[in-house]
Amino acid sequence: MEKSEKPLITEDGLRTDGRGPRDLRPVKIEVGVVKNADGSAYIEHGKNKILAAVYGPSEVHPRHFALQDRALLRCKYHMAPFSVQDRKSPAPSRREIELSKVIREALEPSLFLEYYPRTSIDIFIEVLQADGGTRCASITAASIALADAGIPMRDMVVACAAGKVDGHIVLDLNDIEDKNGEADMPLAMMPNKGLITLLQMDGLVTQEEFKQMLELAMEGCNLIYQIQKKALKSTFIKTVEEV
Amino acid sequence: MRFSKFITNLERKQMLNLLSTGKRIDGRDLYSYREIKIETNVIERAEGSARVYLGDTDVLAGVKIDVGEPFPDVPNEGVLTVNAELVPFASPAFEPGPPDENAIELARVVDRGIRESKAIDLAKLCIIPGKKVFVVYIDIYVLNHGGNLIDASALAALAALLNTKMYNYELVGEELKILAGYQPLPVKNYPIAVTFGKVSDYIILDPSLDEEQIMDARLTITIDKDKRICAIQKGIGGYFTLQQVRDIAKIASEKSEELRKLVLSECK
Amino acid sequence: MEKSEKPLITEDGLRTDGRGPRDLRPVKIEVGVVKNADGSAYIEHGKNKILAAVYGPSEVHPRHFALQDRALLRCKYHMAPFSVQDRKSPAPSRREIELSKVIREALEPSLFLEYYPRTSIDIFIEVLQADGGTRCASITAASIALADAGIPMRDMVVACAAGKVDGHIVLDLNDIEDKNGEADMPLAMMPNKGLITLLQMDGLVTQEEFKQMLELAMEGCNLIYQIQKKALKSTFIKTVEEV
Amino acid sequence: MRFSKFITNLERKQMLNLLSTGKRIDGRDLYSYREIKIETNVIERAEGSARVYLGDTDVLAGVKIDVGEPFPDVPNEGVLTVNAELVPFASPAFEPGPPDENAIELARVVDRGIRESKAIDLAKLCIIPGKKVFVVYIDIYVLNHGGNLIDASALAALAALLNTKMYNYELVGEELKILAGYQPLPVKNYPIAVTFGKVSDYIILDPSLDEEQIMDARLTITIDKDKRICAIQKGIGGYFTLQQVRDIAKIASEKSEELRKLVLSECK
Amino acid sequence: MRFSKFITNLERKQMLNLLSTGKRIDGRDLYSYREIKIETNVIERAEGSARVYLGDTDVLAGVKIDVGEPFPDVPNEGVLTVNAELVPFASPAFEPGPPDENAIELARVVDRGIRESKAIDLAKLCIIPGKKVFVVYIDIYVLNHGGNLIDASALAALAALLNTKMYNYELVGEELKILAGYQPLPVKNYPIAVTFGKVSDYIILDPSLDEEQIMDARLTITIDKDKRICAIQKGIGGYFTLQQVRDIAKIASEKSEELRKLVLSECK
Amino acid sequence: MEKSEKPLITEDGLRTDGRGPRDLRPVKIEVGVVKNADGSAYIEHGKNKILAAVYGPSEVHPRHFALQDRALLRCKYHMAPFSVQDRKSPAPSRREIELSKVIREALEPSLFLEYYPRTSIDIFIEVLQADGGTRCASITAASIALADAGIPMRDMVVACAAGKVDGHIVLDLNDIEDKNGEADMPLAMMPNKGLITLLQMDGLVTQEEFKQMLELAMEGCNLIYQIQKKALKSTFIKTVEEV
């Protein structure tokens, strides 16, 4: 596929999907969607469709991976073969391996792993459809799945990207903007104290642009955090009704 | 954990007692399916897709179409590839890593039903004989393992195929030029897999995950639109009598009609 | 290779290798052919040439695979690279993995695995030359190898296919018939009580044809069972002489 | 063993006490690099190579150039491939086998800096559009792990590129004919990775192996020749405040100048 | 288990005592082979095949011929590929999975003998220079491990080659058209591998499995039809004196004649 | 690359790199070059550039590989992707697996492995640049690395090849001679008693030529042994000064 020739930002300042520079894509979250898992969540973030499931704390397999002083946190980010334009081989790519790592590291600071020594907490993320920003949406969903599994937390983790597209600093890049824009910077944070747990960037930006992107991405995180909280509240109510 | 890995001996006895009265722990009688829900076109990015809920089982099938080379022995036909993944996402019993024998068996049983019933008109997927054909990838993705993955997967695969759109093209020399609009994938048969479990001497249709754990043997009969049998697979280390096999084939034939109606009505 | 244009059944009702529809191919069985194994057998079934070896009951490696209440039965069906027309890569194919599974499951009901908890019984099958129906011949041979290893059994297991070729229901398909026929249905059974332990089918047949194939395949099994018994008897005699 | 895997609690306390006075166990202040030594053209058989010593860390980067196909979406550009191996040779903490998540992250962070800053003029590596381009392989080989592999590897990769010679060629039909002489690889930007660790609330530049073991989080900022940021990577399971990130970006920009001068002077 | 994995100290002593009298546990003297039986054309489906029984060792070699591309540095020659599999079928000491170092060493030693003696006239296997050549696959399949796999495998490989038939063909453009009839593979040398073990200070020919377990070192000398040495491989973690190596080379030369006669007479 | 047309030995009896038939290439050895390792050495042998590192004796991972009566000796010979003309895939080739084995077996007789039961001694060899004779140079370097690690030894091991090139018996073949010559015979020995611990040959030689090659290779080993000893002596002095 050749690079798009059309402008990514129109003269009116609108983006290919009609959003303004500081607008989020629609985000929809459901909790408790995978029956076998201890906790789970489904997120639609733009056209991203992602499931996260948490198993644990449970016995570690293989056993010699167990840690004496805390739970072993593992994370697997995986894309379905049909989630992208050209069929993706089911074997994990280098990109998926890196993303599994940074997602795990983004979630880790929110958890009291020391409460569950010698156990494992496994996070599985399945990207059913990808549309730019899958790692951010995955983190948002996985944090909810961890909460749904009853894993004690310091704070939720929520993620959103900012970037630079056609010279503009914009929030929450979609697939076209990600591929054809100048920079993409995913950021995850624990919203209560604004602590940044994931930060990556591809692109080329000045220090000033970088500062703007940082602030915008954190704003985006706060917006998504509201949706995340709402999704969790509705579950807790459900849980009470079930009893 | 919400997923109970082991069935106790007591539970086993209760399940057997119930079966002796023609009932099952979830209230079904012996030859009933659990509730089935089919959603189609759930992944817009795929050429075709469907999600099937069969009781607690949740399976997503996605179809991607690519251009590739034909097999040398059938130079005028497109290629069908079925792949299944039992990702640990769906059950703590699934292991990470490349497909194991269970995932491979699942994919191959689904593949056989589609292939042997000639569900896809592969001859229509030839672009340049011996050189270029369409390759149809069906990827089966189990999202929750609640028992009887075969029937749910076969159903999801069929629904996804019925729902698959291919772009229009013309040949410019040996290159494909993509034109506006879409055409449906040529699907001409509708195979339905019907799976039975044997628990002690009872034969049950559509075993749930709990039932699979006390089941001695499994038999899947895949039936095409003309009530012909197009694939059989016995699984798990038990046995069937000749009479049981005959009975199962007959019930499968009847039950396949129900499911076929359901999938065709969802995919209209 | 293009599909054969010649009829598979002549006007006289004879098949490409001269057999009638209900005829078996020649079957030859030898017992105790692999010195290192605890039990072994060699079968020639048509042009199939297959070796089966059994090791065990023995200590399980790796140890955590051991089962507390019965022996772990493992089976590996493997084709030699030179066993087929086009050289086969030595790495196990998806077909070989599936066949290993269904063969193991066909043999399992015949064994008293509960007599040997925490041990493993390993069945290795090597197809030296393939000619249609390798899984059936493998099961027949492996059951003898298990008997040769002294593993206690409820019954032997014996296998044979029936199928549909040029509109006729026939017994024991060879390679050409398997590839160009309408249906192939391998079946394994414990012959004493006629209990079916393997049943597969590829093809397209009516319910009525299916019933005929079922009966014919079971007939075929009974024929092979006679040969199997004879092979075993001659070993037992040999064993007595050795003492 | 000369390599101490674990830092005791006492050592940890001493390191923190020192940090509170603005000093580090090896005598550095918070924002200083260890001694850096760059050797170029160390592997004559490679098209380019460089070895970087950063304190106890020892990294060798080799560049090989091959002819291959372009990616379909950029038919007019050469291909860049960065690979890193953390062979057990370099540390008992490295496992044998294919690259693990750490090796992959290392390679991808180095790759991103080079790619996003457009350090290599890939358009000049096109031979026949859509068909034949040069493929640049950068292989990063850690020979001793003494901490902060990212900065040492990025530096070695850049030095190796600056040092890379390509043969001259002419096209005879679609075949390359190799001519006498060499030309340098077209390098037009000089990205420098600058990595910080966070130990308790202290931010330190260029963490050593000992410091990495008590470090809570890591942040790498890659800066191009015009002081623009071209790649960022946060690592390890800790966090940074907004203010810390801003400070780090500023220091990174300054420090990158030092390193860039060093590498350019070594590669003249 | 019929296969005894360990030799006790007592057995070891008995074996050494016997050796001091010039005898071995199976009655052989030091420089004798066990009984050898060669069967050829055992796999009709293969282009060539042979099964060699060397005492309890049982090895099957199959030859398949395919059409492929030549190596760029020898565009006018066919390609030889030797592969060995030590499947767990043949011994509880063999592990499942891809070939391990023992299987690889076995294949490479057999390969070297054939290649260095120019046993196959690879120049005659060129179809279109630089484009199409015949590829000769030799697959070695150990069916029972009774010691000295190298000699048995090399013998089976040679017998299989001598027994290999290739179809006749003519070139139609760049495509092969298969004609009626067969021609033998052009084999012009007959390398024979002769393997010795060192047990304490005794040198023995053709070690059995029991002997291999107390053996300190192994030396294989491969001899061609003109008594030239075409391959050597020392194995296992022991050593030889210069004199021992010289003696072994001499005996190998003599013994190779016996085996060559045997294989040539079987393959007439 | 087509085979070289030029003679490998000129009329004056000189080789492509100007050496006489019985001349060694320059050999340079450094000890203690890898800080993390327990012992290490660097060798330049002609244009070969090779590093050897030794870790151990240490606890065995995975544990069930441990031997009850002696140390487990492991060796990994690995070529850097840029060490050869055409980039080598980093995955271990069949050649590298075989060489790892024969190098381990060449070093093993020099070690008192029985002194360290239930431990492992790991030898890692990294070929940074290859120029013919890498296995010999690797053995020479690895033996020094073992000494540097303080592993008790019967004797050093030293290795050198002899071969046949353009009809002449020559010492220490370089890459061109190895590829275009008639025979290459690497040999390793423990020099004190002249015990041969590695011997391989590719090529075609008479018994008489073989004898000459044997003697010449052993001579070469003795020459390298002098360099090896010097390198070690300078380390020991260094060690003393350090105290």
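Going in written order, the chains are labelled A, B, C, D, E and F, and every chain counts its residues from 1.
The rule is simple: a contact is a pair of C-beta atoms (placed from the backbone, for glycine too) under 8 Å apart; a residue touches a chain by one contact, two chains touch by 3 or more.
This one's a predicted model, so the numbers in the text were calculated from it and none came from an experiment.
Between chain A and chain C, the least number of touching-chain steps is 2. Common neighbours of chain B and chain C (chains touching each): not present. Interface repeat of B-C: among A-D, C-E or D-F, the matching pair is A-D, sharing over half of the residue-numbered contact pairs.
The chain with its CA mean position farthest from that of chain F is B. A centroid comparison over C-alpha atoms places C as the chain most distant from chain D. Per-chain Cα centroids separate chain A from chain F by 51 Å. Distance between chain centres (mean CA atoms), chain B to chain D: 48 Å.
Spacing of chain E relative to chain F, judged by their CA centroids, is 27 angstrom.
Rounded to whole angstrom, the centroid-to-centroid distance between chain B and chain F, based on C-alpha atoms, equals 58 Å.
Residues of chain C in contact with at least two other chains: none. In chain E, the residues that touch at least two other chains are 99.
Think of the chains as beads on a loop: from chain B toward chain C, the beads read B, C, E, F, D, A.
Chain E meets chain F in the complex at residues 72-74, 99, 101, 104-105, 107-108, 112, 116-118, 217, 219, 224, 227-242, 245-246, 249-250, 253. On the chain F side of its complex with chain D, the touching residues are 34-38, 47, 49, 51, 53, 55, 58, 76, 78, 80-87, 90-91, 122, 124, 126, 128-131. Listed in rising order, the residues of chain A touching chain D in the complex are 1-3, 73, 94-95, 97-98, 100-102, 104-105, 108-109, 185, 189-190, 194-207, 210-211, 214-215, 218.
Interface of chain B with chain A (complex): residues 1-3, 42-46, 49, 56, 58, 60, 62-64, 66, 83, 85, 87-92, 96, 98-99, 137, 139, 141, 143-146.
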